[in-house]
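Have a look at the structure that comes next, please.
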Amino acid sequence: MKRLIPINLVLPVILIALGILIVVYTANNPTDSLVARMLSYTNMFKALREHFMLMVVSMTGAIIVGVLSGIMLSRPKLYYLGRVVENIVNIGQTVPPLAVLALLFVIMGIGFRMAVFALFLYSILPILRNTFAGIINVQPSIIESAKGMGMSPFRILTRIELPLAFPIIVAGIRTAVVINVGTAAMATFIGGGGLGDLIVAGISLGREMVIFTGAALAALTAILLDHVIGQVEKGLVRWS
Amino acid sequence: MIKLEGITKKFPGLKTPAVDNLDLEVKEGDVCVLVGPSGCGKTTTMKMINRIHEPTSGHIYVNGKNVLKMNPIKLRLDIGYVIQEIGLFPHQTIEENVATVPNEKKWPREKTKQQVDEMLTLVGLDPKIYCRRYPSALSGGQRQRVGVARAMVTNPPIMLMDEPFGAVDPITRARLQNEFLRIQERVSKTIVFVTHDIDEAIKMGDAIAVMREGKIVQYATPNELLSSPANEFVANLVGRNRSIKRLHLIRIREILNGIARPGPATLDMPLDDIRKQIEKSDIRAVMIVDHDNKFKGIIGMNELKKNTGETAADYIHELNQLITEDATLNDALSVMLECGEGYVAVVSENDQYRGIITLGDLLNVVKEEA
Amino acid sequence: MIAAKRFLAFWVVLLLLTGLIFVGGCAPEEVIDEPVDEEPVDEEPVDEPIDMEIVVGSKEYSEQLILGQIAILALEYNGIPAVDETGLGGTMMVRQALEAGDVDLYWEYTGTGLIAILGFDEAITDPEECYAVVKETDFEQNQVVWLDYTPFNNTYTIMMRKADADELGIESISDLAAAINEGVEAPEPGIWNLASDHEYTIRDDGYPGLQELYGFEFDEAFPMDAGIVYDALREGDVSVSMGFATDGRIAAYNLVNLEDDLNFHPVYNCAPTVRQETLEALPQIADILNPIAQALDADSMAAMNMKVDIDGDLPAEVAEEWLREQGFIQ
């Protein structure tokens, strides 16, 4: 364990350092007054903070709802419904995020909460699908021997199925997080704030430096979170 | 101990029942083997006893209690269960795997730990080495042993075993079977054992139920089955070479005393004495033990010709064809055929020398029995 | 049976989702017209066949799409083949396409030309003066010609809901500044926040400059897509919103433009901008488009915008209707 810690931290430290470097450099070297205004510390931190809030709130909701509904659908009584939902989810994932945003705008209006809701809906899909698939694909012989030894269905779920599905569920969460970081940049179109504020302002004013900063911070966030979750998974799963 | 009355099982969508009005009684302490071709209903029958499958009609009693009226979870906690794929939990250590039922029964941790260690030792796995390992780090044979340990850890009076030694190579399989029989001799469980291998059935069973198309064709002891098969189906299953099959039924220990041979030589025996002994022997070799009767090796005629030393210790070499005394004669025959020698040395569990068995001894047994 | 049910369920869901995507794609701010191949209706005398095509571009919102279609229809009516590249993107994207020669012509606003394209620091609030400066500078620097400009001035406007403005007695931006400075309680959503597009939030001639000149501060800027600011204001997500003066939704949603009494917002009259080399090859473009530009007043533009944004008509239909009404085509 001791040996692993420094190795695990190398990439995050590099990513965070790179992020800080970009923020400090762009804040101190604006190409003109508009860029200076967009890339002020206040503005960048506001965008970053909003981006994180969008992600944290939507991901928390998506993990809870996605995992719980994935578990429910994997129960034998709901198995066929689960298959139907799996198909729906697969189709749902082909809907472009911008369309989800536009649709929600038409139905429910604008703002941070709307953006969170859209991100939440979009992030549920991979988590739900992987939870369902992870549980369904546990070897029947393992379930049978657990059952035969007198474990109740609930115990089998918590002691056998969920731990075995865990790596697949985490893979779903990682997918969701990476999609989420990218999609959160679109929240700006419906007034949701975030790094999209920088990117879109940069595009409409033709300031590449601003676009680059916004996009780079989003990309760094995605890589960082993906790596961190991956490490957490590695730390928890020792058996494979 | 276990009693099935008029059990029928129909699976939805199938016209013919998987198990058809079947009666079966298993005596306490017996190993009852269900044997038959695939699809004969043997596994289904076994799995109804712990209600993995629910019978369509009929009654099942365990210790006089109607199983179908019991809470299935509680019922299963007191029935050991081993399936062919073993179904070890890959995310748990060997210790956690074996402790499954104690944990379900909420045993105190100390008691669980003690029992797990004892059980692992019993199946021949050192707890110190294996407790912390995961199933993926074990060989097929070791996993089978863990499966058996897991099923027996709370000492349930009844065990259900579905081809528990099916997924390993024949040599490992014979060893696991022998070990299991040795344990069974000590613990005397009531066991329902499913296999499609008639040799295994004859070797393991106190009583054998031959099944076909959901019905029992013959329910008898191995000896009866071999000497008087009920019909052509059973006869075909048992095969033509029934005399050789009988070798499955006899343990080496049982015939060893009836064979008179000169004893082994010790390590410090002078060369001349050894030469004399070899000349008397029908295998042209002599076994060597130390002063505690522990088996050390063998010296043959060829070694002596080299003429390089004074005592047995200078000529001794290792012997591959070894067998334990609780193996069957059939096992002894296999070892001889594999090694291409006409004899095999018999040792006890802790390497005490017990004697030798030759091909001639086996022939004599077959002749007598026939 | 089960298989059949699942099959049915699958298709019902598929249909639903397709419908959703379609509705999403048709949300007002996303209207993208299809290219309309207008054949010349009349046998207007054409001197000689023209062997070059005029690529007409535009930005992505309704007014630009309509103006683009007007240009395309008028050019084709007069025998000049036109390629429809309307709806390209933001100001900079279309402008770069023009400078690169990928686009020959698009409608630009004088104020945008002055500040965003030519990089002047100070806005000009007189239409004539602004046009003159832009026309001269852009030609000298980039060989881009500004044809005649429209009477309509699609400048930024600051809007409130009419009911709130009437209740609080706010008619001008000065009134708004006074109200905010006096601590008057904001209408729904309860804070003085301003919906605007991303550009306006940052630009010197936008949010920062507005607050500086009028001497007040909003509680919060609320950047979003320009297409939804009117809805945001109507739905009460913001109390004040930036908009474009000629947008059809202002009247349709019962919103009101506050008077820019200190002349903060620069003028944004619109004119076709053309590459010099294109104009040299086809000088008649100027003769075709100049009278059209002069006829485009604020009422005409707002009415056309409303037809597209509110009624859902296609920009090409609306453009053709107006050109016929005005007698530019028959």
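Note that the chains take the letters A, B and C in the order they are written out, and that residue 1 is the start of every chain.
In this text, contacts are C-beta pairs under 8 Å (C-beta built on N, C-alpha and C of every residue); 3 or more make two chains touch, one makes a residue touch a chain.
Given the structure is predicted, the values throughout are model-derived calculations rather than measurements.
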Inset, instruction - Would you kindly count the fewest steps from chain B to chain C, each step being a jump to a chain that touches the current one? - result: 2
Inset, instruction - Would you mind checking which chain's C-alpha centre is most distant from the centre of chain B? - result: C
Inset, instruction - Indicate the whole-number Å distance between the mean C-alpha point of chain B and the mean C-alpha point of chain C. - result: 87
Legend entry - For chain A paired with chain B, centre-to-centre distance based on mean C-alpha positions, whole Å: 54
Inset, instruction - Express in whole angstrom the distance between the two chain centres, defined as the mean CA positions of chain A and chain C. - result: 36
Legend entry - In the complex with chain A, residue positions of chain C that touch it: 2, 6, 9-10, 13-14, 17, 20-21, 23-25, 27, 29-30, 90-93, 96, 116, 195, 197-199, 201-204, 208, 222-225, 228, 231-232, 235, 237
Legend entry - In the complex, chain A residues that touch chain C: 33-34, 37-38, 80, 83-84, 87-88, 91-92, 95-96, 99-100, 102-103, 105-106, 109-111, 188-191, 193, 197, 200-201, 203-206
Inset, instruction - Over in the complex, which chain B residues touch chain A? Could you list them? - result: 47, 50, 52, 73-79, 81-92, 100-101, 104, 134, 136, 147, 150-151, 160
Legend entry - Contacting residues of chain A [partner chain B, same complex]: 139, 141-152, 155, 160, 163-164, 237-240
